[in-house]
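In what comes next, subunit A is part of two complexes: it sits with subunit B in the first one and with subunit C in the second one.
And then the complex of A and B:
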């Protein structure tokens, strides 16, 4: 019965290397890393040669290598003839249980998540490796111009960050609550299908600069991670190899320094070197879309606080307006690559005008204006602000023929754009086929990238690291080997389907809202109107798009409770009077609860039944006995 | 199956009611916090553990990671070799082996007993059903438990269900286990085990009685608990159920754990 022996892995024979697919090195890889997993004794050059010969892209090569096994053997023996560079002996202080590669959001958050788990933080040695220096994060002042990398943090993740002691390090003045959300399209002058998400009683999300979050995470690590988390920064991983018996990974950082890790976690971004090392393929597609980001300045409104997020769906992609402070907001304009390039080449004044047009003009006029912009850009003379003003005066602006209008509240008209903040990046959907490799695990962007229209990328990454830390805690509590598949299996089991659901939903939304076909328009318009009228359905959607009731761990509630809020065994939370605003999660929880009730009742009934039958039989036997005695 | 067994050991050794801080009226609001800290971290630290029939050494390795001073014993020399190699390949365990916190010895339980070795935790996972004289083996294990120490076994019950699952399916049909590994008549039923420890191993003078079921477990020592495979979750789970109920007995129809604690 004992499965232990079968789990043993015997080290591979040293002379033979395994022919695998060629290892595509990404053009934008952080460093030139030689990956040769499994081949302990083969120098890099021979592996590359071998791959070229037996690449699966080349059927002839496969055939010839299969047909003439002898040749292959010769080849590998000649490979073995070159002096192999074995991994040198690695000292104990360079041996770690968990090595995190990447010191950005996911990597730092993972380190904090691990530190919040009692067993992991008291029994494991953790190393965080970052190729560049973290000083920029460490010394970020929290003042001055807004960074252009800004993310929306959902309420759920904020609660979690609060419970693990990170949120107190966030520069609060630089984190803006999003109380309401207005999403609309305007496919024809007469229709404005709109969804308005009203305030919930707590912010749906908070717009926070990535730098702000990263500094808070780093401060938390430095606060409680002394002696538990080592940080090596400014050192790139040059080489990764699987060690003896596939029980650890050897990492070469710098020229000669080797590090041993029982588990290597790749938090190293979309072109993840760890994913390449683990030979995990990804699937997905590029959107023919680039996102332009910029910080927008506008006068403070005397009527409304700037806490409403706007998103308008244009035929080229969504344009979002996300609040940062009373006088600043950030924009994410997802549009066709040539449009994005042309927008970036505009002067700040011209771009300011274009952005206002993007939120306010009817679609036909905006399309005409954009065409003019592209034409001028192709001639090498980007439109100036004056030219745009002239065009606006001359272009026809179709009026609303019905008279009555449902036009939503528009975002405030912006007055200027912070020029250095303008940037663009390509959008891509990708999802790794697996999250686990041999002694490796992927989190965050290394595992999946997403269209930003729902603001879920960073939130998914945080959910990943929280889940992985919990899985590792549970494994370590039972003495598990952290890098083994047995210990890690629950992580993809929980996260893969959820991530996939979010990725594919966002993907569909992108295409549905881009289409301008008459039928699609009608269905989308009617659908959005229905959704807007149906409160419960809207709450369900909000559950996905950023809102969630305040779920903190029980321990956290007890810590933050004040004395007068205490009753014996009962918590009177501040949010109780709001009732059940949980969306589908609460519905599911209620369902599970009633299921257990039914199960309990059924079990009791069953036991009573069994008891009755038993009693009856006993009586019957007694009666028979008595009769036979008589 | 291994994590599930260790979860059972954790529930018994680390979460036993006698351990931990005393409850006071003042600290009532941190109950959850204190409770959640129990059984985390190095909850076996300072405890001497014996793993009889360690096989490839997976259980011993886990116990060593949790801070225990572990001795793994197996009657097969090749198993000891495999276990030693496997543990040495693990970066953190290789240092534990050098420090003597994890040892694999080619020996038998009887030899250790005769040498006078005593342990806080004595484990024998899936051994009892292979032993020719289970009674003598149990007595030998019992003698090696320190006062206040824990005896934890896992074995297979003798029921039609276990015949179907372990003999017919696992051995003959699926060939997960070499045919001939198990013998049906050597399997021990849970109540036989509990009664044996009561009648032949010192009874309540030597062992604590099972306070959860003191009214129905008359003349029996220790607790049994079923381990079943949950195909939906893809892992082994500890079976629940109220002591003495039919439901609990159903779960012990095949694989089960046995636990007894020696009086201090």
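And then the complex of A and C:
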């Protein structure tokens, strides 16, 4: 969309004319936007309302501007708007090729990714702008209580981080490998559809605190980025404006201090001001869900190390158990907002009991217990631990005829919860309509937010960052203009469909697992059992979630192997997984195995179908009989 | 000689080694087709042998090349060892669990004789003829390596393995059409084919192994060295009697302390 230029030009004394176009910034009543890249607590719904109310970049304005493209039009909402003050001359040292806004996971990772690209890192001036201080990240000690923002890093991303020299700065004792995953639901007392991803010999993912990752990224930047990446902390961007000829962006960071960037990359979180500035809208919806996180303490297991991730799907949302160490794990319980608020108001002992119930209690009992909890909370007197125990004694627990062996493995019983770690945040699905604006690009949460049930949000962000760095490297090698659409176009071309796929799959999964009506129950139960049986499909699913080691990276994590010269006397070691070897023989072997599994599943499905039809016929005949008898 | 008879007389081509019967192109082609059809239909060993020889030019050069890639393979091509009943002398005295002793036991159980393999006749180059001979003679050693009895389903599994390991077309042919004669086709397909394909791909190329120098080596250690495993999948031993018998014998001997090698999987 080509916005029309205003006829108002302000000739400057130096002879250069600057065509200023009154930018339809969302709030022209005040001339600054406060940027809070790290704020988690701005409810997205309120932000949306604010946009619609004050922003002239609503659909009507854009539509009307398109219709009147030839005519000069003042787009600002207030009637008497003067053209904003011209951008003063920006010095050479404040001019950068790439400006990264946001110093959290995505921003720091992008800086490291750029530094790992040879041409870019030697020819480009890069600036990282972060509104608050990075000292907390820099000085994070790696000891003490666990943070409550913890993400799972997939194997692919870890290999990449290792290859760019970041992983060596990670505090390894605080990063827990996830070797096994158990996912289950319990929609009715007798059914426990489960998917069990067994240990493969290498971890599927590593649970790492966000602080750990950010400190490692920052250390890497400080290690090799002297003179290449400048970091300006504590500088909030007050205003952004497209520069002359739309060939650069001016960023005002103080009252009068301006920075010029040829490309601005927005890594500034789900309520991205860069996205706002680029007038990129998002689609998606808020899940009526808040996620409660907490650090759980439990006794170490006597048999197995704590490397299993659990996730149980309740009708209100999934509750996940993610291991951190032998005695501590983290919980993510996505549930309805009133439930989440009530959970946060419980005392730590009561919350411990509720969490254990969440993992272990049959669904009907849990629903009754939760209702009681909500009722008590609304009366202003949240349940205490004793009251919960009494309730548990009195509520009916449906006996199941399945027997112990068919129940899924459960996470360890929690003994206590670290009270300061309890927090919650709202969940929202959103995907930006485009990733590229005029001289801007979006990465990470600024581009897409996702339900945490698959643990993919941070991993998608890292993949975005990696892709964008490669695209910019290619553009730089050819001497292209880094901020132009043609140089950047490969980035959304590669990432947009993939991100969209993951977002929509997670969204559908969320719907499927929330529903509790009979039809969806049956399909879900059968589907889970089918997926659990189809070994090759499971391997593929895990591969899609990045659990397969990347066979092309060098380094200790995986060994690359040449086909022709197989070593004499090579012993097959523990790391030689079948998944690593390619070749038609492996494909044929997998094909034969899956053929049989599919045949078995088809037979099962056929039997079920026949059974259903027979049932239906019998009921129909019965109904006819009844009718004829009457 | 009358023209019609000239086609039937042996050609005046040079004889490159004792036992060599040189063929012209059309004679070769006819032999291939004929023995192919009859050999698959009635599994006469000599017909299958002639089939592989007549189609040898397609795969022998690459098989030979694979042998030359490793120092052990090159040594074999230089020394040209052959396996006959003379080599069996002395193997009986080795301890159980060594390659030599197990080979002897296997031949004894199946009442087989290494001399009974058909000699190579129709391949022109002596080097390639030796490669072919080596391939044939070491077939029994594959049986020993994987503890497989000399029955049809296991022959077919080994054919699949050879196909996967060395890309031999006769192995492909017989592994495609052979199984139609199996009674328990589906079970065989499920139990043995994926295993054979995987082991063939993962293991070292078996033509380049100097078996004669390894008679005293433990079989388990040899398997580890070559990067192959026996078929340990669930239920396979239960379903295939001959295989089970051989494995159980091994377990018995281990219990009695007579097996020389360590178990592969602890």
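Note that the second predicted complex is superposed on the first by the 461 of 630 C-alpha atoms of A that agree within 3 Å, B and C clash if a C-alpha of one lies under 4 Å from a C-alpha of the other, contacts with A are read in each partner's own complex, and residues count from 1 in each chain.
What we mean here is this: a residue touches a chain if its C-beta (ideal position, glycine included) is under 8 Å from a C-beta of that chain, and two chains touch if they have at least 3 such contacts.
All figures in this text were calculated on a predicted structure; none of them were measured in a lab.
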Problem set entry | Partner touching more residues of subunit A, whether subunit B or subunit C | B
Problem set entry | subunit B versus subunit C as contact partner of A:260, first or second or both or neither | first
For this session: Go through the superposed model and pick first if A:245 touches only subunit B, second if only subunit C, both, or neither.
Result: first
Problem set entry | Partner chain(s) touched by A:592 [first = subunit B, second = subunit C, both, neither] | second
Exercise. Once the shared chain is lined up, is A:603 touching subunit B (first), subunit C (second), both, or neither of them?
Worked result: first
Exercise. First (subunit B), second (subunit C), both or neither: which does A:629 touch?
Worked result: neither
For this session: Could you say whether A:475 touches subunit B, subunit C, both of them, or neither, answering first, second, both or neither?
Result: first
For this session: Using the superposition on A, tell me which residues of subunit A are in contact with subunit B and, in the other complex, with subunit C.
Result: 566
Exercise. Can you list the residues on subunit A that touch subunit C in the complex?
Worked result: 564-566, 568-572, 576, 578, 581, 583, 585-586, 588-590, 592-593, 596
Exercise. Hey, which residues of subunit B end up touching subunit A in the complex?
Worked result: 1-3, 6-7, 10, 29-30, 32-33, 36-37, 39-43, 53, 55-59, 61-67, 79, 82, 85-86, 89-92, 95, 125-126, 156, 166, 170, 177, 181-182, 234, 245-247, 255
Problem set entry | Complex contacts: residues of subunit C adjacent to subunit A | 69-72, 164, 189-190, 193-195, 197-198, 200-202, 204-205, 224-225, 227, 229
For this session: Write out the stretch or stretches of subunit A touching subunit B in their complex.
Result: 1-5, 7-8, 90, 92, 95-97, 118-119, 122-123, 243-245, 247-248, 260, 262, 473, 475-481, 486, 489, 493, 554-555, 558, 561, 566, 603, 607, 610
